[in-house]
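Naming follows writing order (A, B, C, D, E and F), and every chain is counted from residue 1.
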Amino acid sequence: MGGYGDVQMIDENGLRMDGRKPGDVRPITIETGVVPVADGSCRMIWGTNEVIVAVYGPMEAHPRKIQRQDRAVLDVAYNMAPFSTTDRIRPGFNRRSREISKVTADALESVVLLELYPRSKIRIGIEIVSAEAGTRCVGLTAASVALADAGIPMTDLVVSVASGKINDVVVCDLNKEEDNYGEADLPMGVLPNTGELVFLQMDGDLSPDEFKQAWDYNMDAAMEVHKLMVEALKGGGN
Amino acid sequence: MSVPLVPKLLRAHLADLALNDSRLDDRGQWDARDTKLETGILARAEGSAKVTMGDTIVLAGVKFQIMTPYPDRPNQGGLMCSCEVRPIAGRHWEAGPPSPQSIELGRVVDRGIRESGCIDVDELCIIPGEKAWQVILDLHAISDDGNLFDAFALAGIAALRDATIPAERFEIGEDTPLKVSKTPIMCSYHKVGGRFVYDASYREELGGDERIHITLGDDDHVHSLQKGLKGIFTAEEFDEIMEHAKARCAELREIVNG
Amino acid sequence: MSVPLVPKLLRAHLADLALNDSRLDDRGQWDARDTKLETGILARAEGSAKVTMGDTIVLAGVKFQIMTPYPDRPNQGGLMCSCEVRPIAGRHWEAGPPSPQSIELGRVVDRGIRESGCIDVDELCIIPGEKAWQVILDLHAISDDGNLFDAFALAGIAALRDATIPAERFEIGEDTPLKVSKTPIMCSYHKVGGRFVYDASYREELGGDERIHITLGDDDHVHSLQKGLKGIFTAEEFDEIMEHAKARCAELREIVNG
Amino acid sequence: MGGYGDVQMIDENGLRMDGRKPGDVRPITIETGVVPVADGSCRMIWGTNEVIVAVYGPMEAHPRKIQRQDRAVLDVAYNMAPFSTTDRIRPGFNRRSREISKVTADALESVVLLELYPRSKIRIGIEIVSAEAGTRCVGLTAASVALADAGIPMTDLVVSVASGKINDVVVCDLNKEEDNYGEADLPMGVLPNTGELVFLQMDGDLSPDEFKQAWDYNMDAAMEVHKLMVEALKGGGN
Amino acid sequence: MGGYGDVQMIDENGLRMDGRKPGDVRPITIETGVVPVADGSCRMIWGTNEVIVAVYGPMEAHPRKIQRQDRAVLDVAYNMAPFSTTDRIRPGFNRRSREISKVTADALESVVLLELYPRSKIRIGIEIVSAEAGTRCVGLTAASVALADAGIPMTDLVVSVASGKINDVVVCDLNKEEDNYGEADLPMGVLPNTGELVFLQMDGDLSPDEFKQAWDYNMDAAMEVHKLMVEALKGGGN
Amino acid sequence: MSVPLVPKLLRAHLADLALNDSRLDDRGQWDARDTKLETGILARAEGSAKVTMGDTIVLAGVKFQIMTPYPDRPNQGGLMCSCEVRPIAGRHWEAGPPSPQSIELGRVVDRGIRESGCIDVDELCIIPGEKAWQVILDLHAISDDGNLFDAFALAGIAALRDATIPAERFEIGEDTPLKVSKTPIMCSYHKVGGRFVYDASYREELGGDERIHITLGDDDHVHSLQKGLKGIFTAEEFDEIMEHAKARCAELREIVNG
């Protein structure tokens, strides 16, 4: 969080610079089947984020030491393409990408019926080809759509949204400028059918009341995005 | 960290204990292990702390370097927080490049401290655009019996509060204490036997499921959260954890500030 | 890329098809798959292109950085071309450090573009000896059904032609289009079932032998060649390939220039 | 290719700076048995290039995952010694060396009778101890001599030569200055008994006619070098 | 060795800057059982060096390729903590640490009865948390105490001390300033029961006579330190 | 270097030979193999040497670079010594990152040369605080039949003595010979069949135990020592080795200086 509280990002009518109200989500487009050689795939455009996810498997887990006798393992590779940001990102090992890959795998393992595929592996490649803000949320959400597109059984989809704070106002789904100058960021991963959580992070500074507001925005937004995901999977998303 | 086979017997035992509202070491669900904090214990560090929580022991050391400020922030120094868990700390920690677990450990502790804004990086500037102090907080595990997250976070903020800027050694004025304006404290909760417990031991971590890390600052402000590992939790579970964290963080803050 | 066991049955089937002058997808020996080119499709890149060849899909993005010219070439900027094939692109691409295959892929595509001299690096100089533009072309595979070489090369030159120097963002004048004076095009041929074919699919690559990559510029000038993998070929085979390449490169150049 | 066309490298009589005619090859010396602990070896001095190659094997291929059930694998390690060039080369991983190792292995695998040695490995170490220009050609040529010295059965030797272009004139076997200022480089690997090819690369700019000329120079030079290789293997090369 | 002979470090009475006579050892404190989760451990404070050692095992040696059929392997990881020196040390691979780990393992393998534990591994973590001079000696000495604390059978303890030369005077157990400006350093690892050696290094410049003096100082000091080690292991060291 | 299974038969055979005061190649305990030194043999190096000891062959090459002196030593250049043993040198040397064995090899040879003070780094200064020469000595094994340590050390000091500072190429004055004021020489001893021998062959190393490396300078001054591998030795054994080293180092010093 940059924490530059002196940049004015909410106007006198309470609207944000892109015209949204505090609780609004950016425009979202979802398409499946975009990686022809994959078992399932999804392109999600969310604001000016563009994320492509491909799912391969279940397939043999090798090397054998990663195999689990009683369940499948998820192998998640989140990556930002070098041209996905204003300043080019050098390819190669990156602690941030490793950590996001791990929390994404943790979230998805909570819903995929892994015990149906002992000793096998399901690989999920997440490529951010254009990044705005909230790429980890878009990646996780798109990955659950791609898993469904691949026919992998899950207890629920996962919807991930981040709310935050700018100019001491809590707002939903930060865009790039808001993320740069914002004072807090609360990404959550929600199961829309039960309201339970599988993913939670937070950075910055939120009072107890602000925290409650951000939490509620995320829950409401998750339900809204969930509808688009279901539509896309029914074939209406393209 | 090598991947241990999930010990099914241990999981079953932990579930039994949970049903009787007990734990491996007879603690209650929200009870902490005995926690001790010492500061100023490392001869070469500019600030240091040792935290003991039961059989978990960690060290934190602060060093300073001169850095060139980033072009877009010419008036700011820097704070870097680095975590190492080496083979000394437990049978399950092997030498080698950082594992995903240790990367997450470092990043979560780092965020809790950094995001609280406890260090004013503007005050670290020496000559705008040319020279600034870089504060480096190194966290080092000696004995891992679980809950390294909280031990590292506690030792880290205490070492920062103990630190002196070694200006004389760098020939830029007199030594002064590092200003630390806030006291972020982390509390971690593991789901063990189907319910969340506070301050899990290593065997509870081994037979447990997801964990939630909460860093709170003054006035219960939230500075960082992290859910780790596979697992599903409800909003009600989270609320209960948060209530405990508010009380416990306040207690620990007293120890650091006192 | 993991090493697949050589699929003997696939090789036998491909040999049968070759005898009947056919291919797995019924194409003729020199037929290309359906090829589409789109440009300007990446929001954050200064130039971009997407190429679809059958089920093979790749992206190319151009970014600019400020570099200090090399001491022995104070009036020149630079062009760097980097290739990545990550686990998204196919079941056979594993995460990890670059494999020999992907290193060769990057170097062959890079050479074809660089050696054509399509970018005049003298024009990238801003202040001699101090500042120059570095053009970075990143090639990224989305779906690999074979012949990534040609797809990358086509997307690469098209993205360069689409690129704008972001001078305003760097506060050094007005944005201007990057000058690209030539249009090098690569055509690749794989020996499959004992004869060379154009634009092989992944399964043809898997059951094939050596491959030959040819990059031709304007007026059929040769800019780069590469023979890959184990295999022996005759001068006559090469001449036949070269004749096809001249015709096909001209067609593809029309698509890029048009 | 440097492409500095304004440096004059061909004189009024059509001779190059080192006195060669356009189609001439630099002086070559070949010696075998130079690495006493190896199964076969070769030192080749070609202009001021000096290359030493050692062959070990066939031996057990380990780790086992590199084994092939039906044939031997070639493990080629091309390397430039740190002191082999005007500016010192830092030891360690290097994409250029990896690529040259790979194309050299590809070329040699085309002639070695690998199927005689299932599950085994033949290791070929190529060290450039003094580099002028065309080290990949010298390395490949010397490696085929070292393989013969080790008694490894092959269908043919491999001879590798590079022609190029300087001052718009096509010339054979570029030396260091010609390589620095030249406008094209066409290295080929030829089987002298049949005229077939196992190695081909090219960089720079050649018109169709120039390309034909460079190709022909390489073919002629390969036949010439082949004679020296045969002599050295008969014991006359030292 | 810095070799700045012009800094005066021995006074007119032949005493060193910290008041020691040439043959004196710095003050030493030894404590066992300091790493609760380990099978054996030791903290040794030697001057202002502070070293913590933990021993784990014997345990299964994996990966299997490191196993030895007829004996245990020692896996020694010597490391300097980032905050252990005046200038911070960057974590990560480090040739010096690798080499010290290796010579420490070589020395300890000479006394541990490895053949009692075929196919197993004993791991020894050595962390320098505060460094003065002679950390490799302190680490090796503390490791032998930690092995004894873990109940691993050994033929003898190992005591390691370094003597050196400052201002052309041979002195025992260099401290930090002496090490910075000293002209030689001779660390040895001694078996106190027999006077035999398992570890020996040396750097700098010593005449044959000086070398003899440094050797003798080390032998005497080793016997002295040995008494403290035995006391600590009997429970009197804390 | 891969870890060979300890060849028990070889060890038994070596023990038998030791009892009869013999060795695999019939040498006596303290006998050297035939040792040859050539200098000035590498076309691109500024100084070079080749050492042959029986079937062991190594090359040494010296290069120079311009460095910025370290802030705390503004009047000094540098000497760097780097060792590589690549797959060419023997069946037991595999490609890959440096093994512990090769790291030790490099460091021991480096120390022997550096600690002797044979290069006066003050003389390498060009402009105090700005420019100095960095001397880089690269040691490269061609054929390893044992005792690479001594071969590298000998080739190293000989290459330094052969070196010319290439000032003209860097446009800072005239070429001058590098000043080398001392001649440190290393002798290595391996315990084979229960006793120490000089100049062990590869098979003796393979079936032997600990080794001791001694570097002596002028007037028998000791510059570096290293005991390698598992093993116990007595003070008496060391004294005997040291006496041999004094005589042998003097012989080899003659060869280098002559």
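Here is the rule we use: contacts are C-beta pairs under 8 Å (C-beta built on N, C-alpha and C of every residue); 3 or more make two chains touch, one makes a residue touch a chain.
Bear in mind the structure is a predicted one, so any value in this text is a computation, not a measurement.
Engineer: Along touching chains only, what is the step distance from subunit A to subunit F?
Structural biologist: The fewest touching-chain steps linking subunit A to subunit F number 3.
Engineer: Give me the set of chains touching subunit A intersected with the set touching subunit E.
Structural biologist: B
Engineer: Which chain lies the greatest distance away from subunit A when centres are computed from Cα atoms alone?
Structural biologist: Most distant chain from subunit A: F.
Engineer: Hey, which chain ends up farthest from subunit C, C-alpha centres compared?
Structural biologist: E
Engineer: Can you give the whole-Å distance between the Cα centres of subunit B and subunit D?
Structural biologist: 57
Engineer: Which whole number of Å gives the spacing of the CA centres of subunit C and subunit F?
Structural biologist: 48
Engineer: Quick one: subunit A and subunit C, Cα centre-to-centre, how many Å?
Structural biologist: 32
Engineer: Can you list every residue of subunit F that touches 2 or more other chains, as numbers and ranges?
Structural biologist: Where subunit F is concerned, no single residue meets two or more other chains.
Engineer: Of all the residues in subunit A, which ones touch at least 2 other chains?
Structural biologist: In subunit A, nothing touches at least two other chains.
Engineer: Among line, ring, star, complete and other, which best matches the way these chains touch?
Structural biologist: ring
Engineer: With subunit E as the start and subunit F right after it, run through the chains round the ring.
Structural biologist: E, F, D, C, A, B
Engineer: Which residues, counting only subunit B, touch subunit A once they are in their complex?
Structural biologist: 98, 100, 103-104, 107, 111, 115-117, 210, 212, 217, 219-235, 238
Engineer: In the complex of these two chains, what residues of subunit B are touching subunit E?
Structural biologist: Subunit B reaches subunit E through residues 2, 42-45, 48, 55, 57, 59, 61-63, 65, 82, 84, 86-91, 95, 136, 138, 140, 142-145, 169, 202.
Engineer: Going by the contact rule at the top, pick out the subunit D residues touching subunit C in the complex.
Structural biologist: Subunit D residues touching subunit C: 1, 3, 95-96, 98-99, 101-103, 106, 109-111, 186, 191, 194-208, 211, 215.
Engineer: Can you check the complex and tell me which residues of subunit D touch subunit F?
Structural biologist: 34-38, 48, 50, 52-54, 56, 59, 62, 75, 77, 79, 81-88, 91, 123, 125-127, 129-131
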